[in-house]
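Going in written order, the chains are labelled A, B, C and D, and every chain counts its residues from 1.
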Amino acid sequence: MDRSATGEDVGRVVAAAERLGLKAHPIPGAQRTAVGITGNKGAVGPGAFESLPGVLEVIRVSHPYKLVSREFHPEDTIVSVGGVPVGGTRIVVIAGPCAVETREQTLTIAREVKARGADLLRGGAYKPRTSPYAFQGLAEEGLKILAEAREATGLPVVTEVLDTETVDLVASYADCLQVGARNMQNFELLKKAGRTGKPVLLKRGMSATLEEFLLAAEYVLSEGNPNVVLCERGIRTFSDFTRNTLDLSVVPAVERLSHLPIVVDPSHGTGRRDKVVPMSRASIAAGADGIAVEVHHKPAEALSDGPQALTPDMFSELMDQIRPIAAAVGRTA
Amino acid sequence: MDRSATGEDVGRVVAAAERLGLKAHPIPGAQRTAVGITGNKGAVGPGAFESLPGVLEVIRVSHPYKLVSREFHPEDTIVSVGGVPVGGTRIVVIAGPCAVETREQTLTIAREVKARGADLLRGGAYKPRTSPYAFQGLAEEGLKILAEAREATGLPVVTEVLDTETVDLVASYADCLQVGARNMQNFELLKKAGRTGKPVLLKRGMSATLEEFLLAAEYVLSEGNPNVVLCERGIRTFSDFTRNTLDLSVVPAVERLSHLPIVVDPSHGTGRRDKVVPMSRASIAAGADGIAVEVHHKPAEALSDGPQALTPDMFSELMDQIRPIAAAVGRTA
Amino acid sequence: MDRSATGEDVGRVVAAAERLGLKAHPIPGAQRTAVGITGNKGAVGPGAFESLPGVLEVIRVSHPYKLVSREFHPEDTIVSVGGVPVGGTRIVVIAGPCAVETREQTLTIAREVKARGADLLRGGAYKPRTSPYAFQGLAEEGLKILAEAREATGLPVVTEVLDTETVDLVASYADCLQVGARNMQNFELLKKAGRTGKPVLLKRGMSATLEEFLLAAEYVLSEGNPNVVLCERGIRTFSDFTRNTLDLSVVPAVERLSHLPIVVDPSHGTGRRDKVVPMSRASIAAGADGIAVEVHHKPAEALSDGPQALTPDMFSELMDQIRPIAAAVGRTA
Amino acid sequence: MDRSATGEDVGRVVAAAERLGLKAHPIPGAQRTAVGITGNKGAVGPGAFESLPGVLEVIRVSHPYKLVSREFHPEDTIVSVGGVPVGGTRIVVIAGPCAVETREQTLTIAREVKARGADLLRGGAYKPRTSPYAFQGLAEEGLKILAEAREATGLPVVTEVLDTETVDLVASYADCLQVGARNMQNFELLKKAGRTGKPVLLKRGMSATLEEFLLAAEYVLSEGNPNVVLCERGIRTFSDFTRNTLDLSVVPAVERLSHLPIVVDPSHGTGRRDKVVPMSRASIAAGADGIAVEVHHKPAEALSDGPQALTPDMFSELMDQIRPIAAAVGRTA
């Protein structure tokens, strides 16, 4: 409360809380009175109090998420993606091209990454592109190519879903639905992806706080689907030497607050090939459950995001470098 | 090029450009060579060059948007929303509740804002909410209430569309489709909203650069729909005394680069009632074509965003304060 | 407290508070207990509690500044800079070159801005430059030129002070000491500038929160010098179409929390000449007490910050445009 | 150049470049002309061209730093701090209290960190504090305590210098001068610290770009002092679950652009004790040459930054965890 708030002002706050089924606890101090409010199950926002006379500020002290929270589910969740466990002791490596461009390109890259140690195949059939004039993906044709690559290599497939209208189609081909950073708060998409029951790889939005990120996952879980893999892929900041700023501290923060597994995408997270290997090492050292990287056999000809793609040989180098780091944190890769 | 790049390296860049139908212009300096590339119509990204040997950095010097650009369309666009022109000399005031909560609430507020000078009615029937447990809107029931409020007051209706599956339904009731900040890069939604031909109020994403904002509008225009009203509503920064940081400089920047009208939402842009009136004045002084504000007759009971809603009396005060500012910049309100 | 905190954990927090001379008020909720702490005069930080067992989070609810606060000093402070009042009904216009380059350049510009309506002359004799190879200013020679320009025009002089060792020298020539954004948390400089008793124009740091900004002013006031003029000059964000992001909402926020006057620098705040006039209008409409702008008679030859400097004719245009805005908010310019 | 720029406009740019001793290379494209400028040694800024008629944008393609650059000095620099090499194959661990509080506290902590494997002792005698009412450090008394701790343990001492007036005093006690984040662009301090010839631990400013960071180091080197150790300590972003956002990608970025060693401070970089160990692992995995951490034997009683300090036992745990990571990247710790 304001320094000048009266006993009546405090009384009005208490009454407002009680009308909403909450309990209010006035705490008089030397110069002002604070009022603690308890019993809020998430439905009451600060607006209920902020506009009352004498109220200086409303500060929330508890968190609005539940199902994703470690408080409610203390054990780590292990998500099975086409039989590959994400969140256990083994580090998961998700690799593949940014976009499915041709059958030959995708099969070549899938075989390369399989041979060099990848666990899951990634590749976009539907591409969210900043410009309407950029390549938008092969759509269902791309999904078929991915399914064929799975047949050929045994690698389960992770691919992006852009819109509620294609969720069921994508789910009929994919082992895991990726919800991209730009759609992290596309709540209709989250709900529909949740209803498929398929694992969801949820990328953190470019300006998402940790609470917003966890609440986005809560949308999927609240549809009865516990199979969410979180993915840090860099946030928007002033720092301009990388495309985004990889916020690796989110890895131990998620581990503390949530039971869900988290992987890191250092390709989008930095936007530059020469940062992918060191930041992959750093991700695993920070405690991430896996990494997602872009690999292209001819990066200079890639239709999207060429500058961040690794060649197959660089991918081998990556695998060689992360294995000892995984071992150092008591895991395998 | 790198300081250590050879003539062969430069030759490879020139050849790559020519293979892509572009023209390369080497510029030798004292210590390194730069290569200017011309003829790019937007389809070729930096990846085509960044991975060639000897290349230090690829810097883009032209912009990828066209239809939204003032270079291609020098005259200001005036968008008609249900007969109300947005972008002319008259400042447009868009007012109403954050969410349609009940028939009585919406009709009351609509009559209040009409009587006090609003030009358009805003209100959400579909609400994007950070938490799955928060009020999500009345859906079609809310659209019917908005249509009734239009009947009662004559105010055309602006309301948010969240998903491609409901675009046609919303368009059948609304005079203008709002695409929210969280959906600014929901490209499927932009395309489908574009195809309705209805005016689109496009809010800037919380971490959108100006180029991304204009390219999002380009998605709508590229569907043959020129009726886009841009809306600044604050960006995500470290600055924590407001909910978002209202980036008002975007108003003269848009005016220079684009022919589209731009309005400002100081309610979401600041998140605090006491900042709405001064920032509305500032918006119009900066050259905005209008403002969008939240009004609620009982803010303390609002189901969403109460702390930023004005009461009807504060809205009258707002109108009184912006009129002389509009006059000072040669406009009316 | 944590959901799993015991009564003993709570007891330990209460005891710790009492040991520090504070009072603790436990508030039991359905699922967890909160503890309100009162009586803190600013000396005790969150660390005293954060590391105790069972403590989930420590949240501060009161502000650590005092002398700058409107709570303690309700009336607006008007700072007199060489006889010119800053903070009253008259809008103050501070104009001049970024750097003092030559006697002729400074006198020319001083006469131009005086003739066109400026109230105070600005210009740097000591320049903080990102690169050690850039022009660093004329030092005392520049101060003498500024003093001569004051003689010639009657305009009091505002100039930057970079280091404690030159504070007294600068104070012997200047009417107002500017502390730049990069030095906003150079606390030794703030203290020494405070001790001169001269007015201080304190620029907000590029990444300063409002609380940090007000605490920097508190350093000056706590030396017994109440003559501080705050200055918003843009913050660092991802938004890249301007050099900095002018955070104009800080104007009403400061007006609410503090009695100190605040001016805006739209030249540094945007970094681009074509944004200076509209953002000056917006600043005054938002409630600023003045503006500080860079003017150069030959911007293309300026030794620093040419792209943001106005020509004298543009400065006349600026004056013409801000006068009606000032009138619209009940002030003069 | 603008689409509408004339041949004369281009001619004027060429002439302006030649007047400044530079060379201009016009590159005509289909729709506009670009002009490449070469020969700039850093003294000419964009202002020289930006204000000429027909100029649309000035884009810098080369970097203004030299002495810190790997291009000019390809081999890694190894800085000797009191005989301890920073930048070689051995990972350097800098540990100690945030502030020197008492003789007993500092000697206790120094002995603890020495026994558990630290290489250098850190501790502040001069403390930059956001509030004028917070503990400001013991000043010279603190320096004497640090010197005594060095005697007792053999650990060289790193301590912060706040102001040009105390540089010589601090340098007479310390083995390495720390320039804090708030002073990264206090250019007078950088120059004077440079002139002492002592090693300088330069912390990245909270809103510093990589280029600004390297230019700050260039200030020290340009005084003839090559002994700079860079230190990443987190940047200011919207992300609020940590006190700052540790920007670890800067480690490989610095390694590519500069020959200077870089260490990471995960204590300030995250502000939370439970993130220090995982982010220390991540720092070394990313390629950092060392870490700087805060240790306090009684964190709950620390006079500053208690929430981020490790206990001695946690410090042992840290050492145990970073050794295998160091080994995994071919180094020792």
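Simple rule for what comes next: a residue touches a chain if its C-beta (ideal position, glycine included) is under 8 Å from a C-beta of that chain, and two chains touch if they have at least 3 such contacts.
Just so it is clear, the structure is predicted and the values come from calculations on it, not from any experiment.
Undergrad: Name, by label, each chain that touches both members of the pair chain B and chain C.
TA: A, D
Undergrad: Relative to chain A, which chain's C-alpha centre is the most remote?
TA: C
Undergrad: Can you check how far apart chain A and chain D are, centre to centre, with Cα atoms defining each centre and the answer in Å?
TA: The separation of the two C-alpha centroids amounts to 31 Å.
Undergrad: Please work out the Cα centroid separation of chain B and chain D, and write it as a whole number of Å.
TA: 38
Undergrad: Using CA atom averages as chain centres, what separation in Å is found between chain A and chain B?
TA: Computed value for the inter-centroid distance: 26 Å.
Undergrad: What positions in chain D touch 2 or more of the other chains?
TA: Residue numbers touching two or more other chains: 207, 211, 235-238, 240.
Undergrad: How about chain A: which of its residues touch chain B in the complex?
TA: 16, 41-43, 45-52, 58, 64-65, 128-134, 162-165, 182-183, 185-189, 191, 205-207, 211-212, 215, 218-219, 222, 235-236, 273, 299-302, 304-307, 309
Undergrad: Please name which positions on chain D make contact with chain A in the complex.
TA: 207, 209-211, 235, 237-242, 245-253, 256, 269-270, 274-275, 278-279, 281-287, 321, 324-325, 327-329
Undergrad: So in the complex, which bits of chain A are touching chain C?
TA: Interface residues on the chain A side: 3, 23, 25, 27-30, 32, 34, 36, 38-39, 57, 59, 61-62, 71, 236-238, 240.
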